[in-house]
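Chain nomenclature is as follows: A, B and C, assigned in order of appearance, with residue numbering initiated at 1 for each chain independently.
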Amino acid sequence: MLLSALQAGWLSSLLSRTGSTAWSLPALKTRDKGTISKTQQIITHLRKQKYNADYDLSATQGADTLAFVSLLEEKLLPVLIHTFWVDAKNYVEHTRKWYAETVPFPLNFFLPNCMHKRHVERLQLLWGDGYMEDEEKLEKELYRDARECLTLLSQRLGSQKFFFGDSPASLDALVFSRLAPLLKAKLPNGKLQQHLKSLQNLCNYCTSILSLYFPWDGGDPPAGAPRPVGAEGGEAEEEPHKRRNQLLSVVVGLAAMLAYAFLSGIVSIQRGSAGPAARQPIAMEEEEEEEEE
Amino acid sequence: MEVRMKGRPGEPGLARQQLCVCGEQLSAQASAAEPWPENAELYQQLKEEQILLSDNASSLAVQAFLQMCNLPIRVVCRANAEYMSPSGKVPFIHVGNQVVSELGPIVQFVKAKGHSLSDGLDEVQKAEMKAYMELVNNMLLTAELYLQWCDDVTVEEITHPRYGSPYPWPLNRILSYQKQWEVRRKMKAIGWAGKTLDQVLEDVDQCCQALSQRLGTQPYFFNKHPTELDALVFGHLFTILTTQLITDALSEKVKNYSNLTAFCRRIEQQYFEGQDKDGSAAVAARSAKRSLLR
Amino acid sequence: MGTVHARSLEPLPMGGPDFGALGEEAELVEVEPEAKQEILENKDVVVQHVHFDGLGRTKDDIIMYEVADVFKAKNLIDVMRKSHEAREKLLHLGIFRQVEVLIDTCQGDDALPNGLDVIFEVTELRRLTGSYNTMVGNNEGSMVLGLKFPNLFGRAEKVTFQFSYGTKETSYGLSFFKPQPGNFERNFSANLYKVTGQFPWSSLRETDRGISTELNFPVWKTNHTLKWEGVWRELGCLARTASFSVREESGHSLKSSLSHAMVIDSRNSSILPRRGALLKINQELAGYTGGDVSFLKEDFEFQLNKQLIWDSVFSASLWGGMLVPIGDKPSSIADRFYLGGPTSVRGFSMYSIGPQSEGDYLGGEAYWAGGLHLYTPLPFRPGRGGFGDLFRTHFFLNAGNLCNLDYGEGPRAHLQRLAEYIRWSYGAGIVLRLGNIARLELNYCFPMGVQSGDRICDGVQFGAGIRFL
């Protein structure tokens, strides 16, 4: 049971990350090409796994799962994208910074920007072209919808431990994967975050899932998820800082190799990418989880 | 020129716009208190030759909702309804001097006027209702759009001729392709572009299954009283059931769930038949039904 | 050997790189004091050859038409005059940067004693010229790129392309122009364009994409234009606050129309004329060649100028127009007439007369407007003969009306409606001529006959316009 939930949490974290990478340039694949192909297998795997995780649910609960997943996708996800990628202050001070620090050298200059553009385009398609002009309206309607969505989740959760009683299900994994980054990221412009923090039971819910399923007692991976380190978070801590320096040197070396590979034209993008993904410790992937959207 | 003289590089007629905004807010507050007028109108595309499955479904959902609230509405068909709508989406209602489009905002607008179907629900039920409404929008509506604009046979045989029907050549082709391109880009953005028709039908089935589960043997989704969720589900399922498409695959999926079809029939009988004779919503429902018989 | 340089007889109105110098050299005829000169001046001469130096892609036949008259010259003065005319015509074609004329005595075996050669030294325009502008309008800025291919196929054809990239909208225009060889005024042009207009007085945004073909030809003293135009028009609301009447007009339409315009213009200047008259008649028939917009539109413009004592000018103008929808469909907001503004019925805001809905002006199907002006030089005439001549003071009396017609009522009722509720205004102000294209006006106006719904501009009103009442 626990295993299945853990897996679900894991998988959804991976899933959500694919969500973020899938719209980015193929260049991103250089970083975790291995992961992507694996994730795609996992997504199909997830379908089966999901039913395992939802093994205990009644048919009605299964229906509810589907409904709430839709609610998240329709109301929360676009606004999350907006919060992390389109809101200028957040993007510049948090998301881009984080990506610039994590992504290897030649890419960190344009990759965040490319992703930013993709996200803007996506939102434009969803909300129509006029939304960028009318900031006030956006604030009013879409953020209101998103806040309402959070409130609805909070109401649905009530005082329960998980959405369907005492045992976790795939819905929990999904909700967690959406909420944790919002809760833990240090956003300069955190209107939605404020609202989430005011919903005590959702916060507790996230923290309890973090401590239950992401304790990373091995110590080796610096537990990105339980102590989600944003860009600033990392600096506060001695150990991750050191770790990042190590990472950085590896990254610089890889970047040089990559650049050479590109220039000589021998190595294709995918080929060059396998390296970093393989070498990067798991921390990388965990950190990413809170970055998605 | 006059603006520049005043040394104001801002908008022309800035002052006037602000006035208008103030005016609108005032009138919004005022009209919130106003009762529902007799001459409220709902705009949609031409019923017989133009309107598409998804728009018809959304329109029927709003009509059903207003019927459930017992608010009179006159359906007006305009070829340019889509462009008249402030959000570019059909249907929209014109009440007093307010224009509101789509079911969500209409529900809120009606609520501001003191009519609500979901007041009797507790918090959890409200959350579930919202979630299920999003399920319908996310799955059924998107599936309808997919079928209309991404299934090549349907596009060629039904969508393009209908969508372009009010326009002369070559505008009919241009506008149809423009719209098709726009919808396909949207599909791409939400990850539906890569799906096959079978996968989409599978999604519809999943959605219907969830709805059917949720409905169970109750008359409405939340016990004895209809809510906006009932209106929305009715709008979509009834339209799917009664619209003649290239294949019956979509309606077959719905027909598998007998409680859903019964639900549609029940709402149709209760709110669209035996109403006033000129009830245009009833006419809409009936005309939709005719197309089923054809 | 006597050589005669005849560069120019009088300064040309057209702009060019060497015209500044030309003014001083006007009437310059260098005559070398030789015995033969006497003979040439008195005797009849024969133009034997016309040479062209510097021709590249220009085809011979088109040049031939322009210089044919030179051969007809019978004496030296005639040769010089005809050469000068030919030079003007050549420059008018818009394919040469520079044209110089050299007249020489004929040389060679077949040279007659009184034979002359006329040599045109021309510099062709480059194959491609470009321009770049930035424009700042109200609420938006744009960058305009222009490309011009003069003399594309060697017969004075011209292709121009303009692309404007704005902060809000992009628009473009591609046009092809071909004159009839030997008759530049008869020409054909085809256009392809996209333009976007924002009309805040109607809360309306209009995007037009269209193609048009045009035939221009002079008949006696008149100029005629025949035109076919196919436009895909997209109307939308400028703001969410737009009135419902404007909202109802939103959407797409396709207009295909045939139009004919006739112009007689005997004025000496189009912006601040002293004498002469202008008559413009325009008629447009839409719907018979396709599209879903059908109407017949007629309008005219008449202006008469009369010079009085002390350099003052009296001017009277009258405009009128009528739009008759054909079929059941009512006329579109984009086709109707608008009235009011600083260069039409003064004292009223831009296009803010007549039918309106919640502050958005909807235009009318019939209108008339008239104006009486007295233009005088500036008091005490500062800057006379120079900068001061760009200015005029004027006193004006304007009147006009705009309304919709009910076609069941008959013509008498129409006239009656147009005669009711006449808006009029009077006042005085200063007019500034901007080049030969537009004018600026700063007026003090007293609007009268104001009807409810009209937006007035009581007192000082400032504006620019190409067309003025």
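Keep in mind that, in the parts below, a contact is a pair of C-beta atoms (placed from the backbone, for glycine too) under 8 Å apart; a residue touches a chain by one contact, two chains touch by 3 or more.
To keep track of the chains, here are their UniProt names: A = Metaxin-1; B = Metaxin-2; C = Sorting and assembly machinery component 50-like protein.
Only a predicted model underlies this, so the values are computations on that prediction, with no experimental measurement involved.
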Worksheet item: Which chain has its C-alpha centroid at the greatest distance from the C-alpha centroid of chain A?
Response: C
Worksheet item: Taking every chain's C-alpha mean, which one sits closest to the mean of all protein C-alpha atoms?
Response: B
Response to the item:
In whole angstrom, the CA-centroid distance of chain A from chain B equals 33
Worksheet item: Which integer distance in Å separates the CA centroid of chain A from that of chain C?
Response: 62
Discussion item. Measuring centre to centre with CA averages, how many angstrom lie between chain B and chain C?
Written reply: 51
Practice prompt. Would you mind writing out the residues of chain B in touch with chain C in their complex?
Written response: 1-5, 9-13, 16-17, 20-21, 24, 78-80, 82-84, 86, 94, 97, 99, 166-169, 171, 174-175
Discussion item. Under the definition above, what is the set of chain C residues touching chain B in their complex?
Written reply: 138-139, 200, 232, 235-237, 239-241, 244, 247-248, 250-254, 290-292, 342, 358-359, 457, 461-464
Fill in: Partner chain A, residues of chain B touching it in the complex
87-88, 123-124, 126-128, 130-132, 134-135, 137-139, 185-186, 189-191, 206-207, 209-211, 213-214, 216
Fill in: chain B-touching residues of chain A, taken from the complex the two chains share
22, 59-60, 62-64, 66-68, 70-71, 73-75, 121-122, 125-126, 128, 148-149, 152-153, 155-156, 158
